[in-house]
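Here's the structure we're looking at; comments come further down.
Chain IDs A, B, C and D follow the sequence of writing; residue 1 opens each chain.
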């Protein structure tokens, strides 16, 4: 509740505020205007974008969250489960441990891909591409710049789904249906078509990447795209912990790793047992 | 991707699994059956409950998530913002730092209240209450047991909304509309009616508490109710970080705290400056 | 740097404070009086206890930290390693993920044991035990109270070291040498002697427990004993991450878990593959 | 405990291993060879470097840890304290929340500075500098490269200690006394001498930077220097939480921030209250 002391520090916000009788969120009456009237995904979009999504935007946005929620026994799920095993009194610690794996390598691809496409679009000179050939040329240029920086192209390639990630065409299809296949997705598709020419072999467009492209086309801030992957994963991690309670595996994981321990002499690098 | 080695350890799961061509979640084809067809809140419910919610259940569930998403400058928001100030390269760290405040005192009320009501209902002997009087008696008994344990009654009282938390009647109303005002909500309402008799003064039923009661009435596991508060807050924290990027306040918070530092001698407990 | 505005909030502290020319810690000149003159373990004790340890206290204290630093591939080490695999850009996230496993089940034993002994000592009526028989009686009473609460006795038993944890006699020996085998350690030893009578079978006194007893005998706050286990483990986790960089195993852990995934129908609980 | 199954996965390690009767760490008997015989700082060095430090190395190393342990009400301390307020049941969560601020901006300077100096030394062609003039030239080159990359020079400048950080000369003095003023510290000193010529104004060498230079001169891996800052800060955060228990301020911080909240319309950017 805001002070009336004029010398006290003031911290501006457009999010949650309250008085003795009101609770507001985004300038709306939380109880009267939002609860029961706004979906949770819708609110998540709104909290970041500062505007309510259209139904089509919401469908694309929720498709992304659904696509990213859980990928099985990833490092994030393993970290959450073994942390819950070790500290079952602190569910928040297990969820936090899982989310902390949402960095550059795994969940970060969504953000990296969105930023990569965004940069390519924003540094493009001249009128925007109008034909598939022009998109392909922009894609080749973007791939070349990335290679020159010694970096790989985010969103390209998948360890398991070598012949194509099934999420990619589905999300592009949903965005197209909703009239939201914008420049990021179009450039991403061109990257896919040009991957063989640009990087030397045909690589599939992966699901994390297409999610980044779709979120960027929704106008969400590209510096925060990882955040939506984290939100999606938060739901997945809850599912992992709920399953760990019903059908625990973390102790087995721990035992199987611990039993595999072999002492190696740090100087010689060899197992000293005969 | 599952091994074919029969001696390798096996870890059962009903969540995400995949092969070279398929990605499944909850036994369904993620791309074909879930993306674009299931909302994010719906999936979050499903991941924990192992069943798809009905439309009414989903509306109550999402109302709870909306109610808990953001409460302004709480400890969780402050922790997330100052962590983002200090480590802007790691969005996941800022979100995790915020969620770590989701413990016994703040976000934990939702879970504590759900568990308290659940225990009262499960330890009740005889037929379930049929009249308001019988609910009131159960409420008085539950309050008395809690007092005997030296604990406060979770869900009762609010530091700001002393005359009533506006979220409480709205959520009960939504649950009633959807035919989901079950025993936990009914007992919670009775706790409210009996608070003056039971604890000596009329206290409002708070929003965190009613959320716990409503989630418990949806059949969600009461040991994990805190998890839904964490999921909701994850969206709120994303909003806080997005706002911190647009309109930073964390540095001011830091400076205002740091400037207020006064050295106190640990032995004498006094400020040694004259 | 402290403000001169008399209406600004003031936050008392006995820890770090600074002006334009000075940096103080615990009321001492950090650069002139502490750096190069106080060891790190010594400072850690001082920061919590608000007094500098004696050389004997420091030796016991550092023995505890050394005992708790690393226990190989525990859940904390696994969580830290897979998080580092997933987010190598954020060392702090990997360390934090590891520490989050320092809860009730693993690292918490140190604190639980210290608190258990402390409570037994503080609720004891009459003069303190003077003979081994009197300590044994106090131990039996404490075990009985714990059993009545339906709780196990913390510090008793070890999954691997069934015939005795080698750390236990060594730490008691060090404390004895330094004249610091106080009431918590004496009661802990009595618990060991009485375990067969009290719980029905002879159980060894484990290393985590003896560490809690020794820390409590140093007068450190029993509510924070887990914190010293966390500090010790922080060093161990750094070692784990350094080794992960030299000789990575997290990807293998991840692959071995992922390959073991078997889909189980949540309704039937069976693997549907023929 | 290591399995005897030859087909089970094996995970090499030089850290903690155990059998039913032994607990080893770094290939030594933990109870017999390390407890009471190795200090905690010494062990922390050893766990990362895989070699025991000399007494002189240990003195420099512990001086760094002492220098970085606590800087008062920093973002890390604020995050830890408000998290402890909100979730007092989870000390590990409060410590983890504090450490998560150990990123690029605050605690990261130690690592950034060590890496910057390391890169400058490793990319230098020709014989190493032999005179102060040659060190100064190397410093000017390194500053120029950094400016060309659009980056600031890590370790240079301090918001409060504009006329010199008192830790810097003290740590250089300790390293000199111990014969450990190596190339990183020498280059760091040259950066200080050249700051006016190189960046246009005389800037002090800060304490975080000199710590990074000293750690790099000890041969510790420059990619993990941040880790030592985190270890040091772990002790400081324990001190902050211990103080929060004795003399709480987190609730006041929270209240002072919450009271300062002013709703700002996200579209107009103005406070809509008249």
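Here is the rule we go by: a contact is a pair of C-beta atoms (placed from the backbone, for glycine too) under 8 Å apart; a residue touches a chain by one contact, two chains touch by 3 or more.
What you are looking at is a predicted structure, and each value in this text was computed from that prediction instead of being measured.
By number of C-beta pairs in contact, C-D leads over the other of B-D and C-D. With centres defined by CA atoms alone, the chain at the far end from chain C is A. Rounded to whole angstrom, the centroid-to-centroid distance between chain C and chain D, based on C-alpha atoms, equals 23 Å. The distance from the centre of chain B to the centre of chain D, with each centre set as the mean of the Cα atoms, comes to 35 Å.
Those residues of chain A in touch with two or more other chains are numbered 1, 9, 11-14, 17, 50, 72-73, 87, 89-90, 92-93, 96-97, 100-103, 107, 247, 253, 256-258, 260-261, 264.
By the touch rule above, chain C contacts chain B in their complex via residues 1-3, 8-14, 17, 24, 26-27, 50, 87, 89-90, 92-93, 96, 256-267, 271-272. Contact residues of chain D toward chain C in the complex are 1, 9, 11-23, 25, 29-32, 34-36, 38-41, 43-44, 47-48, 59, 62-63, 65-67, 69-73, 90-93, 95-97, 99-103, 107, 160-163, 165-167, 169-171, 173-174, 207, 221, 223-224, 226-228, 230-232, 234-236, 238-243, 245, 247, 249, 252-253, 256. Across the complex, chain C is touched by residues 5, 7, 72-76, 78-79, 82-83, 85-90, 93-94, 96-97, 100-108, 247, 250, 253-254, 256-258, 260-261, 264 of chain A.
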